Every structure is written in C-alpha cells, then in structure tokens.
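In this document, chain identifiers A, B, C and D correspond to the written order of the chains, with residue numbering beginning at 1 in each.
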Amino acid sequence: MILFENVSKTYPGSHEALSNVSFHLHRGDMAFLTGHSGAGKSTLLKLIALIERTTRGQILIGGQNLAGVTKRKIPYFRRNIGIIFQDHRLLLDRTVFDNVALPLIIAGLDYREITRKVRAALDKVNLLNKEKQLPATLSTGEQQRVGIARAVVNKPPVLLADEPTGNLDPELSEEIMKMFEQFNQVGVTVLIASHDLELIKRMQHRTLVLGKGKLIAQFPEEDS
Amino acid sequence: MRRGRTKKPEHASRKMQNTSSRRPGLIALIKNYFLRHMQVMFYSIGQLSRTPFSSLMTSAVIGIALALPSAFFTLLDNVQTLSLGWDGNAQISLFMKYNVSNSDAQKLATKLRMRQEVKLTRFISREQALEEFRTHSGFGDVLDVLEKNPLPAVIVVVPATTLDTPDQIETLLTSLKNIPEVDLAQLDLEWVKRLHALLETAQRGITILAVLLGLSVLLVVGNTIRLGIENRRDEIVITKLIGATNRFIRRPFLYTGIWYGLIGGLLAWSAVFTTMMLLKAPVNRLADLYYSQFTLSLPGLENALLLVFSGALLGLAGSWIAVGRHLQDIEPT
Amino acid sequence: MRRGRTKKPEHASRKMQNTSSRRPGLIALIKNYFLRHMQVMFYSIGQLSRTPFSSLMTSAVIGIALALPSAFFTLLDNVQTLSLGWDGNAQISLFMKYNVSNSDAQKLATKLRMRQEVKLTRFISREQALEEFRTHSGFGDVLDVLEKNPLPAVIVVVPATTLDTPDQIETLLTSLKNIPEVDLAQLDLEWVKRLHALLETAQRGITILAVLLGLSVLLVVGNTIRLGIENRRDEIVITKLIGATNRFIRRPFLYTGIWYGLIGGLLAWSAVFTTMMLLKAPVNRLADLYYSQFTLSLPGLENALLLVFSGALLGLAGSWIAVGRHLQDIEPT
Amino acid sequence: MILFENVSKTYPGSHEALSNVSFHLHRGDMAFLTGHSGAGKSTLLKLIALIERTTRGQILIGGQNLAGVTKRKIPYFRRNIGIIFQDHRLLLDRTVFDNVALPLIIAGLDYREITRKVRAALDKVNLLNKEKQLPATLSTGEQQRVGIARAVVNKPPVLLADEPTGNLDPELSEEIMKMFEQFNQVGVTVLIASHDLELIKRMQHRTLVLGKGKLIAQFPEEDS
C-alpha cells in the first residue's frame, strides 16, 4: 500500500532531512516509525500526505505514483488519508463537533449521516460530553483526541499519525493505540510516528527506525 | 464543472479501492449543490454577525467608497437637467424690422413655433424689450431721455433638441434670416461654447474621480478580503490538509465579500440620501434666486437597488480577486 | 512615564529577590529609550517591505481616502480665488449725469480710488459704454438709428474687502450717491446674493464630503490596523505571556500606522497633483471663454508636506484607537 | 516560593478543573506534576502565571499574593517566571535567535548582552546551528527546545514547564530534564507537568499527582 523507493528529501537551504529511504507497507499493515528528534519522521509522513514533494526517488500509495498527482488532484487524494498531526491543527473558532464533522462536510455527506458518524467517532475517543465546546477550552490531551476523531471519522484506507500520544498519559496512550489496532484489524493501513519506545515494544508491530534521515533499522527484518 | 467535481473523488477512491462509493443521481447532486451553497451563505452571515462591530466597520469602509461616486453621479445628473431645463440649449434671437408691429411679430412667433426644428418661441414686445433693458442694463434712466422707443420686438427661438450639431442649427439660422420681417438673426453661440466648456470640465473632473473611486472600492474590498484570508490562514491550511478543494475554501470568502458589499451598498445609499436631503434646502434657495423651477431630485428606490446590487457585485469581484491571488500562496507545511 | 516603566520591574523583582538588578543612570535610560524606538521604527519598515504588495495596497487605500478631501479643498480654494478675482465682490455702478464730460468723470474716478472704503474703480467712457452695449446687448444695429450717444459715462466702484457687512456697503452707497456729478448709484445686490447662495451650497456640500471622507480615512486606517492586529493575535498573546507590557506591544503597530499614513499621504499628493494637471487644460479653456486671467493653481510643496504629515498623524491616530480597543481583548488562555 | 491554599478553579460553563488544591514548594525546590489527561495540570500552571485567576483560595509566589497583582502589573510579574508551553508558542515569522531573544528585548537589555545570552541558551539545548532558521522549518522536538531556551534565557527565579518532553525521544528527554536539574541546583524553583512516569520515577524529585482536579497524592509526603 505504501511503497518508498530510494526516497530523499532536501529542504531548501538545509541538509538532507531524508536520504535514500526504501520500505514497503502492505495493505492492512500497521507500523511504527521512530527515531531521535529531527530524524525525519514528520518529513516522511508529510511526503505521503503530499504536504512536501520528494527530491529524489518515488512513492507509490495504493499503486498510484505520487509524482503523478497534480496540484488539482491533491484534495481528492488527501480525502483517502487520515492524518493526525503532532500539533492537532483544530479550527479554533468551531466547536469540537464541527471540527470532527469537517472531513464529512467536505465530502458532501448529508446532515443526518454526518451527525451519526461524528458522534460515533467522538464516542471512541471518550469526548462525547465535550462536543459543543471550543478547542481552546480543552486540555491538550483532549485536543489531541479530537484530532484523532477527525482523522478517523470518514474511515480512510490509510491512517497516518504523528506522535498521537505525545500529550497523553500512559493509560490513555495505550487505549488510543488499541484503537488504532482496531482500525487496522478492519483493513486500514496504519503508520504511526512515536517516541514512546516502551509502548512500541509492547505493541509488537513492525517498526522502522530513522536516524539522521536514514532508515537505520527495521524490526522485524523485511523480506521485501 | 459540477460533474467534474464529483467524478474526481470517485476516480481517486477507485484507485484506493475505497469501499464507500455511493453514486447519487443527478437531481440529488444538484439539490445537494444548492443546499451546500445555502449552508455556506447562512454560515457566512452567522460569522459576520458574531463580530458585528468589525463587520459593520468593514461594510462602512466599502459603503463610503461606494457612496462617493454615486453621490457625484447623482449631482452630475442634477446638474445636467439643470443646464438643460434652466437655460435651454442654444437660442436664436430674431430682431424684427423696426416697422413690424407687435401683433405681426406675435403672429410670426406663433407660426414659427409650428415648425419641426423649433422647440419653443418666446415673444418679447417692443415695450417688454424696453422694460427688460431698463431693469437689466443699468442704463434705465438714460432711456427716459429718448422720446421714442428705439427697440424693436424680438422673438427668441429655441431650436428643437433633435438639432444637436452646429450644422443643423446653422441651417435653421439661415432659414430664419430669410424671413422678410426679420431684420437680424443672432445665434447665442457664446453661451453654447461656455456650456460645453463647463460641462467638459465637470465631466473630466468627475471621470477622474469615478476612476479613483472605483479603484478605491476594489482596493478596499480586495484589501479587506485579503486581510480576512490572512486572518484565516490556519483555517485554510487545515481544511486543505483534510482534503478541501480550492472551490470549497473559496466559497465562504465569496459569500462574505457579497455580504460586505450588500451592506456597504445599503450604507452608501443612506449616505447619498442623507447628503441630498441636506443639500436640498440651499440648492432650492439658489434656484429661487435664479427664478428657476429646478429642485434637487433625490435618489429613488431603483437607485438603492442599483447601489446594493453593484455593491454585492463589487464585493464578489474584490473577494474573487483576493482569494484567487492568495489561496495559491497558502499551502500547508 | 519613563520612570514608571523602569520602576515597576525593579519593584516586582525585588519582591522576587531577583539577583540581576542593575541600576543604569538616567542618561543611559533615555539613550536606551530612543534606541529602542529607532529599532522598532526600522523593524516596522522591514516588516512592511517584506510584503511590499500588500503594504502598498493598504497605503493606497489610505492614499485615496486622503486624496479626495484634499482634491476637494484644492478645488474649493481655486473656486474661491475665482469668485473673488474674477468678478470681484459686490460692485457699485455710478452713472454720471448726462452733462458730465469724460475727463471730469475720469478725474472723479481717480479721486474716488483714493478713498479708504474703495478697493478700485473702473472708468467707462461714454464711447466705451456705447461699444460695450453694442457688442453685449444684441441691440447693436438699433443704436445706429440714433444720431446722438444716449449713454452717460460710468464709474464702477469696487468696495474694499474690509467692508463685508451689507450695512457698511450701504453707507458707502449713500455717500457716493451724494456726489454732485453722480446721477444714479446702483448696487449690484443681486449678484452678491447669488454668489452667497452659490458659495453656501458649495460649502455645505464640501463640508458633508469632508466629514464623510475624514470618517473614511479613520475607518480605513483603523480597520486596516484592526485586521493587522487580528492577524498578529498569536504574536501578541505570546509576547504578553513573556511579560511584554501593552506599551511594548503597541509600539510596532503605531509605527506601522505611521508608515501606512506617510506613504498614503505621498500617494494622495501625487493623485491630487495628477488630477489637477489633467484638469488644467479644460479649466484654462473655460477661463479664456470668460476673458478671465484665472488659471488653476497646482498644489505646491507645502501642500505635499501637509498631506504627508496629516497622513502620518491619521495613521497614528487610527492605529492608536484600533490598538487601544483590541489589545485589551487579546489575553492569553 | 509557590504556595497554594485551598485553590479551586471553575471555568465558566464547565465543571471544576481544580478543586481545593493546597501545597507548598520551597525556594529552590524541584517538583513534578502529573495526572491523567484533563486532570488540571495545565490549569494549575496557568494560575501561577496569571493566565487564569483562581475561583477560590489563594496563591502566594515568593510571598506575593497573586490576588494583589493587578492587570497592569502582570507583565512585570511574568518576567520573573519562565514558562515552557505545551504547544511551544513561538513567533512563526521570526528566526530562532529572535524568538529566544524576545524576553531580553522586552527587559531592555543591550544588543551585545542579548547576543551573548541567546547563544548560551541555544547552546544548552543543542540548537546553535539553527539560530537563523524560522520555527516552521524545525522539527517539533527542535521547536520545543527553542521554547525551553526562551524560558531560561533570562534566568528567572521560577521555571514552569508544561509537558516539556512530550515530543522528544527518551534520550533527549533525559538530557532536558538534567538541564532543569542544573537550573534547580543554582537556586531556580522548578515545576514540571509531565506524563512520563518512568522518567519521573527515575529522577526522584517531589511529585504531585492530580486526578480530576484534586491533589490525590504526593511523593514524598509533605510535612508542611
């Protein structure tokens, strides 16, 4: 589902943030991405979501070469990828409900369907009682959970998460990770960047380790 | 357009083998389209009314920018009726021969009025001529010295408004000259020239103003929307990340522009109306002094509709330009 | 003010027993104060020049708002010199008795000019009177019938500008009437009334305009700064969190307002100058038609300085109001 | 140095975020604040920094009752508290250097002194080579470190940190915590909100545990 072939990324006026990274995640895989601060984890996820373009090499998502996705097609492409951002990125002037509903409104669903799906997603992250509040009145962990609800509300085939549990206590972190596993079990391909090595170890999923932009280790070893 | 929009996501989702590919009918699509527009429309009203003071301020800026040209055009309109109705166009003075009696001259005047090229005639008897001369020239008392009225009767001929080139008026003049009773036919060319010069100046001035002001309306709307877009940069970035098309993002801004323009148009209309009301009294006093029937005409309902409509249109145009320019620049990082 | 600012942190820090309590001298403090202002000034220029297009657009909006009143006032100025220099104020026509010779009348004119209440006199000989009458009245040919010139000499007296009440003019009129050579003294009151009515209308119109436009300048500047503040809400919150005073946060906005106003003033001046240049030709043509020496005077350098200065002042005022209103509302959460 | 006496905080239109919290941190103490997501950790720190006001009870900082700090005095009060925010809060249109320099510019230091102090602070968080970059071009961990540098650059007597290591890898987290310990050793009172229970346990400092707005545990027990 997610195929990286010798991908490099150099930001203008900066050294290489990713260099020559290759790996393959199959449909329905779940994997962790880890590495030191500044290793290139967010960069890798941004390349998949077409927030940045590769400098060299190519990426195929669901068989589609990302080099072929023109600017006009990007929105439609992104609707198939749920992204959880490191800095949640909620709309501060809309309620929790409206924030989570946004992907559905963009997709053009009708009102009743939207309500049903948003409620279901909020229920999963334990925030149904806060649906009418504005994001600024939530704790950081609650904001992060709203971001998770928004990413999964339209059941995208690919789910990317950048440090989804950085602001959550260990108990809640584990719960959220379990939730990702449930998604994975219904066929969603999941890739999670995380620092929480303890948790990753316990979860026993495929793990990619980045170091200074290079893929320096994989557990378990890939046969490719 | 509409088809393209719905086709692409399906195309993309087929590649990703998305399971939820409903295929709604055309009517449902159109209904959905309008419904969504209505939603955005009401959403944008809601947003504006949440910050009533700043919305009103923005509208007021647009309103003033709209009010000025419209006030000027109303005034120009008034001046044009004024210069027509008040002093007439060019006029031809026919001096009768000295031996033509008042009654013959009057008959001639009536006859001339029948002609197609003539709009109206005004008969001035020899006695009236003397009286007018006495009151207006300042030489009144001098005339008492004379034992006989030295002035002939005069017929003032106002050419029909259909004669608008100097040539046509020249032809009329020649034909009038050839009337036996007429001693002298004099065209008040000086006046025509002056009027033209005056109107030319006014028109040039107002054209420059209109250009400046039109520019300022566009600048104000564009600038306001631009700053509005800057203000909602985060929102735009986030919705782009979630998969919103430019069209989706643009829509609320366009509606906001329309609302600003609409309200601005209303404010402009009330400003123009108030200005005209305040000017009415002194203008009427002025007209009275000139023995003129002229009264300042107030802008009517169709004027209000025009202002509101053009306000909305300008608001839409300004936001369209601003959104087009700036939406491209705002990309998530 | 300055003392207050430096006293408080020390006060606070003493309570917290902060170790780093240097106590710089007064001169160093003043130097520091100006240095910091200079820094903010250049920083705000830098910020504006980083987004040249949008800065220019904002300035242009302010510029247009400034250009309009100044163009109107320049025009009004011109119209006032026009109505004074062209047609004079009220004027009194003295018709000589029929037996007063040209040379006697001329002497009287010279004598009258010496009087304090008289600004100038114009002598019209009997022959000139006849000539003027012939060309202007349209009754030229009629006069040939007369064997003798029926017209007396005339002295036109323009009262000194110091006589501005109707009473004073009336007094002058009576004294002139009592001169033995004078047959008739006629005050052109009609003209005075008309001029007053005209100027009253113009002034009322322009006052309304000036109020509207002054309002629009404040609205535009205020609105722009308001949106600028909204745009930098995050920045304000963050600096407040770090311990910035309102004064510190306000400063760059005030400088930004000043810069907008300055540039807007420059743009306004060039707009007014261009407009006047474009109007010069038709106005001169108009003046020629009226045998007038009048030429449109262009706005000079002191005008430019005034515009730039008032632009800067308005920019400062607008941003001060906007910052004052909105800085309170933006508090970190 | 930091004294809470029966402090409660109720946000308008919300339940009690903090209820009846009392504790005392002495000058030169270092303490951790922990608890589940939404327990009230950030609220507690916000009360100290006067971002929010208490609903009941009182707080004394360095002997000064916060109820007596009027709105006009808040800026001068805040200059004595270094705060590290959960969402770093950097100025996005200024370089890393300018961001860290901000507290010094506000305090009115002269240019040479500012340069020296900013360089020293950036060196401590290992970001000297990025001083000319804009925050948007940094990884999240790097941004968090810039925030830390800014909080400590003017050596405030009190340092508050809200989840300072949420986006850092374990190694870097430990380094940063060591840095806080160094500050503490030169007399700075430090209070850190964190989820990283493992790390907290290892550090062996005083720990306050919040649960649903209440102070439910303290290690070691306070004698007060």
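To be clear about the criterion, contacts are C-beta pairs under 8 Å (C-beta built on N, C-alpha and C of every residue); 3 or more make two chains touch, one makes a residue touch a chain.
All of these numbers come straight from a predicted model, not from anything done at the bench.
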item: Shortest walk length in steps over touching chains, chain A through to chain D; value: 1
item: Farthest-lying chain, centroid of Cα atoms versus that of chain D; value: B
item: Whole-Å gap between the CA centroids of chain A and chain C; value: 64
item: Separation of chain B from chain C, taking each centre as the mean of its C-alpha atoms, in whole Å; value: 27
item: Centre-to-centre distance between chain D and chain C (centres being mean Cα positions), rounded to whole Å; value: 58
item: Multi-partner residues of chain A (at least 2 other chains); value: none
item: Touching two or more other chains - residues of chain C; value: 333
item: Chain contact topology (line, ring, star, complete or other); value: ring
item: Each pair of chains that touches, named by its two labels; value: A-B, A-D, B-C, C-D
item: Residues on chain C engaged by chain B in the complex (per definition of touch); value: 54, 57-58, 60-61, 64-65, 67-68, 71, 75, 93, 95, 98, 129, 133, 137-139, 141-143, 145-146, 150-152, 154, 183-184, 186, 190, 193-194, 197-198, 200-201, 204-205, 208-209, 212-213, 215-216, 219-220, 222-224, 226-228, 230-231, 271, 275, 278-279, 282-283, 285-286, 289-290
item: Chain A residues within the chain D interface of the complex; value: 11, 14, 34-39, 41-42, 86-87, 133, 137-142, 145, 162-163, 166-173, 195, 197-198
item: Interface residues, chain B side, partner chain A - complex; value: 8-9, 11-13, 15-18, 20, 32, 36, 234-235, 237-246, 248, 332-333
item: Touch list for chain A against partner chain B, complex; value: 49, 51-52, 61-64, 73, 75-80, 83, 85, 89-93, 102-103, 106-108, 110, 150, 155, 157-158
